[in-house]
Each structure stands twice: as C-alpha cells, then as structure tokens.
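Two complexes follow with chain A in common, the first pairing it with chain B and the second with chain C.
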Partner chain A sequence: MKFPLHRFAAALAVAAVAALAALPAQAAKDVVFAVASTFTTTDPYDANDTLSQAMAKSFYEGLYGFDKDMKMIPVLATSYEVSSDGLVYTLHLRHGVKFHDGTDFNAEAVKVNLDRVTNPDNHLKRYGLYSVIAKTEAVDPYTARITLKNPFSAFINDLAHPSGVMISPAAIQKYGKEIAFHPVGTGPFEFVEWKQPDYLKVKKFAGYWQKGLPKIDTITWRSVVDNNARAAMMQTGEAQFTFPVPYEIADVLKKKPDLALVAAPSIVIRYLSMNTQQKPFDNVKVREAIAYAINKQALAKVAFNGYAEPAAGVVPQGVEYAVKMAPWPYDLAKAKALMKEAGYPDGFETELWSAYNHTTAQKVTQFIQQQLQQIGIRTRITLLESGQRVQRVESWQDPKTAGVRLYYVGWSSSTGEADWALRPLLYGESWPPTLFNTAYYKSDKVDADIKGALLTTDSKEKARLYKDAQETIWHDAPWAPLVVEKLLSANSKKLTGVYVMPDASFNFTNADLK
Partner chain B sequence: MNDRATLVADVEVIRTPWNEFWRKFKRQKIGVVAGIFVVVLVAIAIAAPWIAPYDAENYFDYDQLNAAPSMAHWFGVDALGRDILSRILMGARISLAAGFVSVAAGAVVGTLLGLVAGYYEGWADRIIMRIADVLFAFPGILLAIGIVAILGGGEANVIVAVAIFSIPTFARLARGTTLGLKRLTFVEAVRSIGATNWTIISRHIFPGTVPAVIVYFSLRIGTSIITAASLSFLGMGAQPPTPEWGAMLDAARADMLTAPHEAIFPALAIFATVLAFNLLGDGLRDALDPRLDRR
Partner chain C sequence: MLQYTVKRLFGLLPTLFLVGVLVFLFVHLLPGDPARLAAGPDATPETVALVRHDLGLDQSLPRQFVRFVTGVLHWDFGRSLSTKRPVSVEIGSRFMPTFWLTVWSMAWSVTLGMTIGIVSAVWRNRWPDRLGMTIAVSGISFPAFALGMVLMQVFAVDLGWLPTIGDDTWLHYILPSLTLGAAVAAIMARFTRSSFVEILGDDFIRTARAKGLDERQVIWRHAMRNALIPVVTMMGLQFGFLLGGSIVVEKVFNWPGLGRLLVDAVDMRDYPVIQALVLLFSLEFIVINLVVDVLYGFINPTIRYR
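Let's turn to the complex of A and B:
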C-alpha cells in the first residue's frame, strides 16, 4: 500500500494540532498572588515588614519555621541541643539540601549567614534580633555550633523568625550587597525577575529537597495597593490569592461562588498605648477610665466588620506563654467615676495618634474619639504616615519632650514567643528610640520578670515569670488593649494549600492549582 | 392718595438700581430657582441644630452600622453608626460658611487692590498685577494645597487658603472695570471740581465695580465650596468628627461597594449646592450686565 507523502504530512499536522490543543489540560500552573504593599527588599535580614519576608519564603527557608498554628518546626535543621549554661547551641542539619545555584547547604553556609547578620558593618535591619550571637562554628558539614554572648532562652525562636533564612554562600560572595536583587536560597521556588514596583516572579525549583514539591510552576507576586483594585482582580480571576482582604469588601467577595474567603486567627494585637510619663496619663485611674470607656465589641464591628475579637490579655493567644485574661469590660459609669476620682470630672483635651493611615485606622481612631467623648476626653486625631511615625514616635530621642499621648498601634510577635511580644513593647529599657515602648512604661517587677525569663532554661519557671509580667502589666494598664484581629484572605477555589499564618506571613509550599 | 397714584403712573415707574435689577433678574427663571434654593440652604444651615433629627457627632447606634436609608434615618447611617441626614444638615453650615467667608475675604482684599492698581496705574499696578499673575499661574486647588501645607491643616486655614486664591481674580476684575470707568466723562467732571482721589474711588468708581464683583462673588462661592471640600477629602481640612461634606465623602470611600448611600448623599449635597451657586451667578450676570440689556 502506498501512502502519499502529502497525506502523511497532513496527518502529522493534525497530530501536532491535537498535541497543542491537549496542552492546556496539563498547562503550566501559573498563579498570581495580589498583595497590598510593594516589597521593600528580597533580603529578609534587611526587611522590617512582614510582607517582604513572607514573599521571600518563595526562595528562602530558615533553620526553623512555624506551622500554621505558630508551633515551631524544624526546617533546614533537624534537631538541636543546648548546653546546661544556656550559652552553646548545637544544631544538626538536614542532609542532601542544595541551593538553587547548586551549592550544598551545610554548616559552613549557616556560619556565613549568621556571620553576615551579626557583623554590624553590614547594617542589616535585623541585626538586633541576632546580636546575641557571639560566634558560629562549623563542627562538621552537618553540625553547627552557635555560642551566645549571654543565655537567651528564646534563641531558637529567633532562628525561626521569618528573617532567619539561609542564603547561598556562593551567591553572597558573588553579589555582595546586591544580593537583594539576586536571591538564591533552598526554597521551593527560584527567583526569576523583580520588576519594581509592579511584580516579582518566581518559578519551580526542580531540585527542591521535599520530593514532589512544589506542585505549581510559577508564582507572580503582584503589588496592588488599591483595595478595590485587588478585590476586582480576584473577581475577574486575574489573581488566585489575595491578602489582606479589606474588611469592608469581605461581604462582597464572600458572595462569589468561585472564591473562598478565609478568616484565620492571628497573633496581631491592636492596642492604645498611653504615655505614662506625661500628665494626665501618669495617673493609673485615667488610664483605667480610658480602657473602660472603649466598647471593644463595638469596635470590632465598626472598624473590622466583625473580623476581630476583644483582646483577652496583653499577649495574644497562640504566642507561647501567653496568659488568657477576661477582656477589659466596657463600663461607662465606672469610667466616669474613675475620671472624677482622678480629678478630671470634665475630662481634658489630648492628642490621638495612629501608627497607620489606612481606612481601618481611620475608623478605629474616629471610633475611639467617639467613645472617649463620652467621658469628656476630647481628642485630636492624627494619622501618621510611616515617615512621620518614625520621626515623631519611634526615633524620638528625649522621652521628656515626646509628643505621643494616646497612640493606636499593633504588634505581632513573629518569633511566636512571649519575649518578643513583651520586651520590645513594655520593658523599661525599650523606650523609643531603642525599641517600641510607646507607653514609656517602666515597672521594676515586669523588668525583672522579663530579664529572668530570658536567663532561665526551665520552662516552668519561664511560664511563671511571664505570667507574673502579664498580670502586672494588665493591672498597671499602660495600654487600653483593644482587639486581636483576624486575617482575611481570599483565594480562588481552584487554588489549594495556601494559607495565611497567625503572624500575617504566608505558607504556600504545598500550593496546588486544579 | 389718588392724586399721588396718578402722578406716579404718569412718570412711569421710578427706576432705582434695585428694582431695575429685580425686573431683569425675575426673567432669569433658572437663576430665580437657584436663588430660592440658596436661600433655603442658608435657612437650613442656620436652623440645622434645631431641625437635625439626631446629634451629628455624638449620636451613634452600633446596631445600625452602614444601614441603608429608612424612615428613622432618611439618608441612612454611616460606618460609625451616625445619622447621615443630621450630618449633612450640620455640614451645610460648615460648607456655606467656608464658601461665604473665604470668598468675602478674597473679594474685599482683591477689589481694594484692583481699585488701587487700576486707578493709580504705574508701579502699584505693576507690582499688584505681577503678584496676581504669579498666583494665577497655579491651578487653584494646587495653590490651596500649598497654602494649607505651609499654614497647617484645619478649617480656619482652609478658609484662609481659599481666600488667598480668590484674591487675584477679584483684583483683576476690579482693575479692569476701574480702568474703563476712570476715563469716563463723569469721573473727569468730578475730578475737575476738585474731588480727592479717595472720594473718586469710593464714591464714583467703586459703585461701578459692584455688579461685576457680585456676579463673580456668587460664581466663586461654588468653586470655593468645592475647593474646601476637596481639601477635607484629602484630609487637610475639617478634622473628625466634624461633619464636613468632603470629609464625609472621604470616610465613605472604604464602604462604597457595600454602602453606596454613605457617599451618594454628601456628594449630592456638594453637587446641588455648587450647581445652585453657579446657576445663580449666571442669572445675576445676565441681570446685571448692561451689554446684555434687551429691554
């Protein structure tokens, strides 16, 4: 039988077309994540914002990390031992892990990374978190020994902080300070390009150590600042995941059948700090009156559309050693009585600043203004933009002249541990500009507790000290604790395995697209 | 009585400038409607504290957040549980006051400068008009933002800013009219009998500039209300919890998808007020402009 050549060619063409048509069935799994801010850097050691660090988990991993309940889990390390004096940590590392550039991950890489951040000449923003390290040594390829300057019982939590990642030593050598533009890690995705300020793209890393992962081919991180634009991208299918979903838009997205709206628990506490060194807030009765005068339940409704809960303590549940307390009650009569006792029956005028200038902060501050008006406190609202916040609050040199009075702000302890939830905010030596004790609170008892807890290696003793500290703080009321917010994200129902962690970073190692 | 009536009828109606104006203005139907609207608005603004159904700042109902218009709340409830109608009524005070006060200040200063520049000419004219030109070079809102940036935010400063940016227009307007008037024979006649410069300006030239200034005044109020509302919208003007329309619009942005009424009512208030002032201004112009006289 003779088979004409042109027929053969035609058959071939048909086959080719069929093959092409079949391709979309197993098409590249490309997903777009729409986020609310631009990335400041890809170098987690040099980032102060949760978002940049969360994005960097595309290509970087740490020695330790957190699961979705904020429980610490080993990642590139497998286990550790600590010496009885609490000074020497010995870490055992995972075998067979490679960086994207082919370099082996080993103890030498750990040393290079920790030496880099602990060298003050590098001026990395997270220097403070790691400055407790005296030296790092590579004992053998898979054993690293870290010696601390002083005992610091939360040290492994520091390693699990999203900034503590392993960067390829070869890449650090090659790119030097430019490493932020050429990230090379061990993570599930390789860096492709960063078009500032629009997007950052990563692709699947074939040599990832967790077999079978990642399941998607590329992730494009898009920075879309406008809330409504982000919501629109989700509705048109331009993006498959977005965080945060503005509280006002939650109800709109909830109604879309192909979208899932997820409200995840968080360790983000929102509070009103009161400058305890200045009149009239030096009077504990005034501070208590303010805490009583704010209806926390109503605040959750007004500003968070119900996606928040009254704060049950100084440290949110989910953080290790957090002590749960009954939320501060709303009691107007008591608030008025306290104001009278304090000598301000007619109230006073004061400043109310907010650390943020977004709509939620606008609503929170106006709500607080409305509530405090009821006990005669008249407030002038200023929503600080980030530059003003640094200038007027965070880096203010002289506590005596600090202008901050009532200050609306929030905090999430990204080490998942009580130390980082208390020490930066309420320790006597953490007044601005050192750290963020914007209440200028100082209690010898709390200071001793925090210090003691860091030195002890006994977890029972640690729990006792942190409990005492939290109860003392609650009693002294340097803050009016407000709410713990929920983290609202939305994803296409086709996308699975992406979730927001309690500290507002993301986990997407197991992401898949149907 | 009878005699007198006959007498008046014989010499036709006595034509004072006022009933001359009224006779012409009556024909501007749209202008009259706009004028009535403005009068009602002013009445509302004055009576606001008594007619507002709720306290504009301190009434709140957290069970009604973002509620749509209803019998209890005609314009609905905002994101902080406040009654929008009450806030708009109280807001009328702020917007009208901002509009009137700022334009009045700008008109007084501007007209005075324009009279001086137009009457004396020479270096006074050159200095005043060059400064006016510099101010003219900026788009109005940009100039206002610049002034507020220097003076700081707040309602009072917004009024100052809007007044400053109204000055050059009035100065130019008064100067143009003055230049035309001072060459007319009646001015020369007054000068020849020995009147002082001050008398000539205040008694003979100034009245001639009034119609143009009045027309421009009413047109300018619309612009000023918009500018003041814009500054508040941008967070530089009225501070919370003041129920300023622009600030209300700004606060409504967040909930626009789910509760559009929070944006619609303040926007409508600004729109209707500004439109009314502009239409009133058009009507006044047609009534007062001698060139448009079609008796």
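Let's turn to the complex of A and C:
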C-alpha cells in the first residue's frame, strides 16, 4: 500500500472536522404533522371542517382565541367593552403587530375582514356565523367598533371561533378570490407552498409579535388518509405528530418507547336523538326507558375501546355554561317498567339511523340495537352515507313526514359556548332543514331560556338561564345522552407543546423539537 | 392504416358525447345535496343558499347540462365544488403520479408475467409450470391492500429501507408499484400461458417442428407472434384499469393520484370533478383500444385495416 496509514488517519480527522463545521450551530427544526384528510381551503372564513381551520392557525390569528383547554383568551385584541343594550362592541387592539407582508395590523384591517365575511356577495361559508354584524367602524387605529343587528351575547365567542381570523387587507386587495391560495396573516408561521393533495408547508415568521416564538423552523402538514400509513409514518419517524389515532392502532403506538399516546378530553358528545313528534317517541316514558336501557359504560368500552366517558349532561364539560349532571343510569328493571306504563309491554319496531358509516358507528348502533332488544324494541339499522344523511335527515323539508326516528349522531360546539351547543340541536326553530334539531324537540321553556340568554349581557343571568334549559332538556329526554369522546393523538417524545384542543383543533404556538 | 386511425379517432366523438350525457344524468341522480355538504355540518339555511348560488346549482337541470357541454367544448370543465380550483388543474396535478405509477407497475409486471407464462407453457405440467402457476394464483388471491400494508410494515417500518408514503423520489415508487403490479403480473402469467399452450398445439407449429426447425425458433418466431394477440389485448385492458387510479393502493400509500380524487369527489358530490374524471377514463380506454388494434397489425401483418 502506497498510501501511509498515518496520512489516511489525518485525512479522516480533517474530514470529520469539516463535517462538524458544516453543521449549523443548531439543526433546523422541521416538524411533520400527519393528519387524516385533505385540506379544503386555507381561508378559515370559507372552511367548514375543523382540520382546515386548525391548519390555518399556522398563519392566521383572530381577535380572540382559545387556549389549549378551550378557555377564551384575547389574541389580536386586548380587551372589549359592550354597550348596556348589548348592541355595540368596542374592541381595543394590540399595538405593533404586523402581517407577513409587512402591512400593519389595525382597526382598518378588522373592518376589511369583517366587511368581507358579512357581504353575501362573497359567498363565504361562514357567512352565517357573522351575519349578526350590522356594521364595523375604525374609531382610531387601535379601536374598532362593531354594531350588531340584534343583541347576541355569544358574539365574542364568534370572534374567537377558528374561522374569525385577520387576513392582511393588502393581500385581500391583491389576490381577491384567490386569497385561499396565498394566505397572509399575523400568525407565527408564513405560508410556503400548498401541494394539493399532498402537503402544505409553512416556515417561521421572523417578525412574529410574541417574542421568542415560534421555536420550530418549519411545519409540513401532510394529509395521509389511511390510518395504517399514518401509524407507519410515526414509527419510522417520518412524522412527529398525528391526529386522529384510531382505537385499533392505539395499542400498537402505545408500545413504542419513543412515542407518546395522548387521550385528551373533548367537547364532542355522542347521543341518540328520538323524534318527539312521532309515535311512540312522543311519550316521554318511552324516551326515558330507552335512556335507561343503554349501558353507557359498556358502550364506551365496546365501541370506543375505553376512550370515551358516559355523557354527564346535555352539554359536555369544557363548553362555557355547561352544567354537570350525573350520567343517566343504566337500569333495566326501570326501563321495562316504564315501557309497560307507556303501554308497550311487548315493545315495538322502529328505525335506528346513524349519521356516519364508519366502523365505530357500526359498533355503536349494533350495541344499541342489542341493548334495546332487552326491552322489546326491535330496530332496523341504517348507516347513512354523507349524501343520504343530507337528503333524508338534514334537508328534509316537512317535519310531519320525516323518516328519522332513533338517530345516532354527535356534536361539538365550535364556539366553545352553550348557545351553539343548544340552539342548533334543541331550539324549537331549529328543526331540519333549518338546523339540526333531529329530535324535533320543542319546549317553550327551553326556547325562552335560549332566546333570553342571547339578549342578556349579564353572565350570572346567562348561567342561570342555561342551567334551567339544560335541566329541562335532561328531564324531557329528547335524547338518550351516550358518551363524550376522548381525542387520541400521538407524538414523538422529542416534540413538545403540541396539543389537541377539546374541539379537535390544535394548539402548537409553543411547539418545540428537542 | 393512417386513414383507419383517423376514422377511429373521429368515431370516438359520439361515444364520448353519450358517455357525457349518461354521466351528467347519473351524477345528478346521486342522493345528497352538494351545497349542503359543501356548506358544512353547522351551516344555516341562508349560508346553504349562498353556497348553492355560488356553485351554480340553483339553475335548472337542462340549463346546467347546456353549461356543462358548452364548457367541455371550450375545454373548460368548470371548477371543483369543494376546492374551487379549476377541474383541469385538479386533474392535471394528479394525472402524472398515477400515470408513472401505472407505467412502472405495468413494466415489471408484464415482463415478469409473460416470462412466467411462456416458461410455464413450454414446460407444461412440469415443475417450472407448477411453480409459476402457484406464484400466479397467490398473486391473484392476495388482496392489494393487505399486500401493501405488509410490504410497508416490512420494508418501511421494520427494515427502514424504503419510505412509507408520498411520491417524491424513485424510492417512493417501489412499494406501490409492487403492490399494484402483483395482480397484473399474475393475470398476465395465466393469460400468456393459456394462449401459448393453445398455439403450441396448432398444426402450423407441428409443421414448423416437422421441417426440422430449432425449438427456440419455433417458440420465438412462430408461436410468439400468434400468441401475443390476446395477450396484448389483455395488457391494454389492464393498462386502462390502472390508469383510472387504483383506489386501494392510492389510499394505502397516500398516492396523490386520480383514484383518491375520484373517491373524494364522490364523497363531496363534486359534480364537475366526477364528470371530468369519468370522461377522461372513457377517453383513456378508447385510445388504448385503438393503440391495441393498431398494434395487432405490427404483430401479425396478415391483419388488414379497412
């Protein structure tokens, strides 16, 4: 060998030093989030899915927002005052905030954004949430005044809703309808590229107003439809965070030493609504019997692999003004007695529809079918596909001919407030096709409470009214409340500060990678 | 032959028009209201009305049809109801991944399948035949999604040699094309074998052997050309199927292709996307059939076109 050994060693050493020097002082912190569906849009005002709105939090922020426990917090606003008639909201804005394109955030930006969504010509899908606004004015650069058409006490919650974000007015001007492909906000990350249907990438925004944040350099949001593929990515380290984790894969991921499986509380309630306008469900005793006949604890175990809890009330804990009650007990003897009193000692036949056609819904409906058989109720199960659901339930025009009887469905109040947990589902004017009162429930007392709570600005009075409404509903039993789900996510143990919020949105402002 | 090709190309126009009419009617017969679906789970009726108007769904059916046809004539397939991007862009970005996956899957599976088929036919009922057909039967019976999941578990998760999902590098193509091609290879093997076995029993093969030709000459020059006709037909059909995008494989490997686009579109009742995709698939089949017909002439010069 001509090449002397010591020179070879020296060369190696030089190479090693060079390699070390080539590394940056800190390795780039690139994080991949694997999520279950494709994003529909980056414009939260035009999105109806939680996932797209959660992703949009990378680059957008609202005037108000929610922390990881669903507590409302000021974000781009600092405080607000409301007039005594509940019509005029005055918002004080944060100073020194800039959009990614360098535009200043001020009251004019608030006006541009709210004017955009309240103009029906823009055809934005979240129009309904903000249609209560009559006008928005910029009083001075850091004060905005919003006037409502009628008092609406949950208004600040609407502003905190993930769709109520501030988009750069300059960008709206520049891109118009194409703004969804060029998002420009004030958030911790800047938009890089969106390669549909594969991924959406964002990078750290150097001028972010919260000093020291964000701590990671890039986030790549990858849409991976298949559950198994997401689990595989977590195991190979191709992704650092994934949501949702299906129950059947939870155990596999739990065993991996470098992964953490997190079961977070949610405000997603699953219930069985009963058509109170139709026989035999017009009889409260039948409805109670059904609620008694279902073992919710066992249901949580069988269908949700234990990642759910029996529903403790009409509105899940974590929603503002929710009243906690003892879960509806499982009492077969009482259920049978009630059926006899109602005049159905031998039970009856009826329809059981599910709003979803996935595996969990299949397990739930089969379990309910088997439980109701114990009190003589024979059910025919139909798992509705999304189009069928819209046609047969949600847009059914005539309540008298509605085919829905027992209906398994779920809800999560996206504004984090009792109004949106009760009004769409149990208000007398919310029968389909208006909203989703699939029980066709109508109680003058509950209607008055819900209406009254929207008019008052006094939070004590509001709490009293909502408590009364929830107790009345519990008593009338238009639903058999079933369970409140837990949200399963998995993350690499190196990743910290990423949370799944109770409404299945994400909080990742403080995310860091070790 | 050029005349024949041109004639066939013009002949496909009425077919496409008929397909277009049928698809339009079929799609609008699907239960479910796309405006309601697009507006989302907690939309108010006013919002749904806004969305309906925005999507042009408040117009009468004949008028929507006229709009659809005039659009297609101007090469404008409308905008996707769910993403609001032009349908041509939507399909364009998904076509190439599916196309290349199809090409690679077909390349290896046809080569392997035909080799197995010929070997099996030549050594009929001996051990190479038994082995080859065992492989082929397992290839047909093993479901693609299970194969894909097993391959991913072994080569990506356990061994760490290959990436799990995506289509960024050539490494990403290996597992999906193996999964997609397995069934095709099996079908091609069985098809080639039966076609060859039949031809090898024909009189002209006996004549060729009788005049003292080398067995290799008999198989490659005399049997091959004749046996290839049905095999090429089958190949065209399989190619057409794969070009439609395999829903299962694209889901398992998160492949950004046409199969997933179609599933998503049907889920959201995305009329323009469904219509354009079905038209595209029909066009693909017609073109592939034409290519196959023209190939016949090259394989067997006794075939004439009129």
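In this text, the second predicted complex is superposed on the first by the 491 of 514 C-alpha atoms of A that agree within 3 Å, B and C clash if a C-alpha of one lies under 4 Å from a C-alpha of the other, contacts with A are read in each partner's own complex, and residues count from 1 in each chain.
The rule is short, and it goes like this: a contact is a pair of C-beta atoms (placed from the backbone, for glycine too) under 8 Å apart; a residue touches a chain by one contact, two chains touch by 3 or more.
Note that the coordinates shown come from a computational prediction; the quantities given were computed from them, not determined experimentally.
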Simultaneous placement of chain C and chain B on chain A, clash or fit: fit
Can A:Glu394 be said to touch chain B (first), chain C (second), both, or neither? second
Going by the contact rule stated at the top, is it chain B or chain C that touches a larger number of residues on chain A? C
So, does A:Gln369 touch the first partner chain B, the second partner chain C, both, or neither? first
Have a look at where A:Thr40 lands relative to chain B and chain C in the superposition and call it first, second, both or neither. second
So, does A:Ala298 touch the first partner chain B, the second partner chain C, both, or neither? first
Taking the superposition on A as described, I'd like to know which of chain B and chain C A:Ile381 touches: first, second, both or neither. first
Chain B versus chain C as contact partner of A:Glu238, first or second or both or neither: second
Return first, second, both or neither, reflecting whether A:Asn228 touches chain B, chain C, both chains, or no partner chain. both
Given the touch rule stated above, what does A:Pro120 touch, chain B (first), chain C (second), both, or neither? second
Angle at the Cα centre of chain A spanned by the Cα centres of chain C and chain B: state it in steps of 10 degrees. 40
What is the contact status of A:Thr359 with respect to chain B (first) and chain C (second): first, second, both, or neither? first
For the overlay built on chain A, what is the smallest gap between any CA atom of chain B and any CA atom of chain C, in Å? 11
Overlapping contact positions on chain A, where the chain C interface meets the chain B interface: 228
Enumerate the contact residues on chain B facing chain A in the complex. 57-58, 60, 62, 65, 79-81, 235, 239-241, 251, 253-258
Which of the residues in chain A end up touching chain B in this complex? 227-228, 231, 246, 248-249, 251-252, 295, 298, 301-302, 359, 362-363, 365-367, 369-370, 373-374, 380-381, 383
Chain A - residues contacting chain C, complex: 38, 40-41, 47-49, 120, 123-128, 131, 180, 195-198, 222-226, 228-229, 232-233, 235-236, 238, 385-392, 394-395, 414, 420, 424, 433-436
List the residues on chain C that touch chain A in their complex, please. 30-33, 36-47, 50-51, 53-54, 82-85, 90, 93-94, 149, 152-153, 156-157, 160, 163-167, 251-254, 256, 260-261, 264, 267, 269
